[in-house]
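Each of the two complexes below includes chain A, the first together with chain B, the second together with chain C.
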Partner chain A sequence: MSTSTPRVDSMKPATPGPTRTAPPRPPDKFPSAGRYPAYLAFGACGAFLMISALVLIGAVWAVGNGEAAWNDYRELLSHPVFLVYHVAAFIGLTWFTLRLFRLFPATQPYRIGPLKRPADAVMVAGLYGLFFTVLAVGTLFLGGALL
Partner chain B sequence: MSQETKTFVVTRFDPDKDEVPKTQSYEIPVEGDWKILDALNYIKDEVDPTLSHRWSCRMAVCGSCGMNVNGEPKLTCKDPVSNYGDTVEVAPLSNFPVVRDLVVELEGFMEKFKAVKPWIVVAKERAVEEGTTRQSPDELADFKQFSMCINCMLCYAACPVVSNEPDFIGPAALALGHRYNQDTRDEGAPERNEIFRDEGGVFSCSFANECSEVCPKKVNPAGAIQQAKLRNVLDWAASFVVKRGGKES
Partner chain C sequence: MKTLMLKLEPIIWGLFSGGMMVGGILLPVFVLVVGLGGGFGAVDGQALGYDRIQALATHPIGSLLLLAAMALPLWGGAHHLRHLWIDLGGLKSDGLVGALCYGVALVGSLVAILAVFRLHG
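Here is the complex of A and B:
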């Protein structure tokens, strides 16, 4: 006696064709929560780098165009908008540098040249120390204390 | 002694019925030493057998049970329930298509994985008479960290570049490619570096470092990618001085 019940193949999908999927969604906390805001702010600091580079190029251009151009350039820098920008850029780029240095050990291989990598804390302390030393010397120099 | 209860808000998606994923809440008793996976297995065994989730070894080795727990990619067999409050949200890994409930589609990842040639490439097979290949402990240490990957794909779920740039090869695959490039037995670095320098390669990485933050095995894929970037820049610069190796074009 034959049975009319069809054989069930458990490995076959219920419907033929590729499985329909729900589309991927971005990381749940992106962009406003978790560590993502810091990452985005870090990237946004690139704007400070670009604008500051343009300001420096402006300085070179002014130097090449005589005393009047240089005086105009200095006057432009003393404008309140520029002063606010420089304070913001100083804070932003200081934070950018410190975050970069904090992440730096993670990028280093087990061996650096012939030497084994130093401990992460040593690398970070060295970089922070160097940064603050350069910052202090630069501030003293620009403030006229070292001349 | 009264048993603690927690509410698990779990993403559900049935491709035969649902247009978009939805959530379903389960209030269940939990034991103090449970991991998130234990809670999901309890729901599946005792409350709702229709729940689908992927798991296998229960000891953070197989990499099957990666899910987003309260928005953070976690290996659920390693993630204690006690880390969370009264309500725990469990969702499938982000950046992946969802097959059903908490199960994601891995086809795309497997393609990217193969693209970096994650095996030892040699121009000529070593003869048995030549004996074993010797490698010093330091040479092993150069890549050992990157060979600890269990392909759990938490790094892909956390990476903001993967979600914005679908062609990005991604953290785990690039780290594994770099692992073979660092291996002294391997001769495939020129081939892999061509892939690394290409569209979607190492230079697509903007160093969010999320991959390394969420990695349950401390593989540090972000570090591997930054090292691969440096190596590729040096390789590119060296190509002006000496002829680059790899495939003849």
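Here is the complex of A and C:
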């Protein structure tokens, strides 16, 4: 058994100076390997959120300007640039939301308020159900099939 | 300033997370019906006619949903794009990119509020 005095400050540098911290660097094989591409694509879908919100602002603004402006806006939506964008946006936003909901249980604590958290599969199924229900009912309603 | 930011943190995170949830749930409906259905002419013309859309948009629930679907996704999207930029390009230009992203979100939110007020004016 050693009788030497413990060195509790063994990590202390011999002389004062700046902390020797390695500069930040990306993980190995970033961004091409493993889950990094999906992670980056998820972040890039922020562009769909922003642009689609701006397109919606344009729609509401056009409604506020009267019938002629609204009809001009609808005409604009049939331009190929908007059509291509909306196909990409619909695919991107759907994938983004389903991925967000799949990852959602990992963000939740063991207890949610007074209740024990439900099983992960139950949470994911509920959120997927919410998404597809709102999509179906909202589409039928806004498209004029309901009411 | 640091204390103020700490106090505002729940609100700021609420904007980001609310933007993801609200944008992810509501915007696909708009994109599908108005963007794709309207653009390809697949939706009945009367359904997207001015009178019906104006009536939906000026209904209190419709106005509230529109405001949420316009303003919140701007913040969620800005947060994602800023962090994507940090992941790919580091922190060197974060001040500029962050200001640009959140600036667009702030101005867009104000325009969204104004757009909804104009409907009721």
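Annotations
Here is the rule we use: the second predicted complex is superposed on the first by the 120 of 147 C-alpha atoms of A that agree within 3 Å, B and C clash if a C-alpha of one lies under 4 Å from a C-alpha of the other, contacts with A are read in each partner's own complex, and residues count from 1 in each chain.
The criterion applied here is as follows: contacts are C-beta pairs under 8 Å (C-beta built on N, C-alpha and C of every residue); 3 or more make two chains touch, one makes a residue touch a chain.
If you're wondering where the values come from, they're calculated on a predicted model, not measured in any experiment.
When the two structures are aligned on the shared chain, A:G43 is found in touch with chain B and with chain C.
Of the two partner chains placed around the shared chain by superposition, chain C is the only one that A:V87 touches, whereas chain B remains out of contact.
In the superposition on chain A, A:R111 contacts chain B only, with no contact to chain C.
Judged by the number of chain A residues each one touches, C leads among chain B and chain C.
By the touch criterion stated above, A:T21 is placed in contact with chain B alone, chain C being left untouched.
Residue overlap on chain A between its contacts with chain B in one complex and with chain C in the other: 24, 26, 31, 43.
Residues 19-21, 23-41, 43-44, 46-48, 50, 52-54, 56-57, 66, 69-71, 73-74, 76-81, 83-84, 87-88, 90, 104-105, 108, 111-112, 115-116, 118-119, 121 of chain C are the ones touching chain A in the complex.
Taken in their complex, chain A has these residues touching chain B: 14-15, 19-31, 33-36, 39, 43, 103, 106-111, 116. Only residues 13, 15-16, 18, 20-21, 68, 71-73, 91, 94-99, 105, 138, 141-142, 145, 157-160, 163, 182, 206-210, 212-213, 220, 222-223, 226-227 of chain B touch chain A when the two sit together in their complex. Contacts from chain A toward chain C in the complex involve residues 24, 26, 31, 40, 42-57, 59-61, 63-64, 66-67, 70-71, 74, 77-79, 82-83, 85-87, 89-90, 93-94, 96-97, 100, 130-131, 134-135, 138-139, 142-145.
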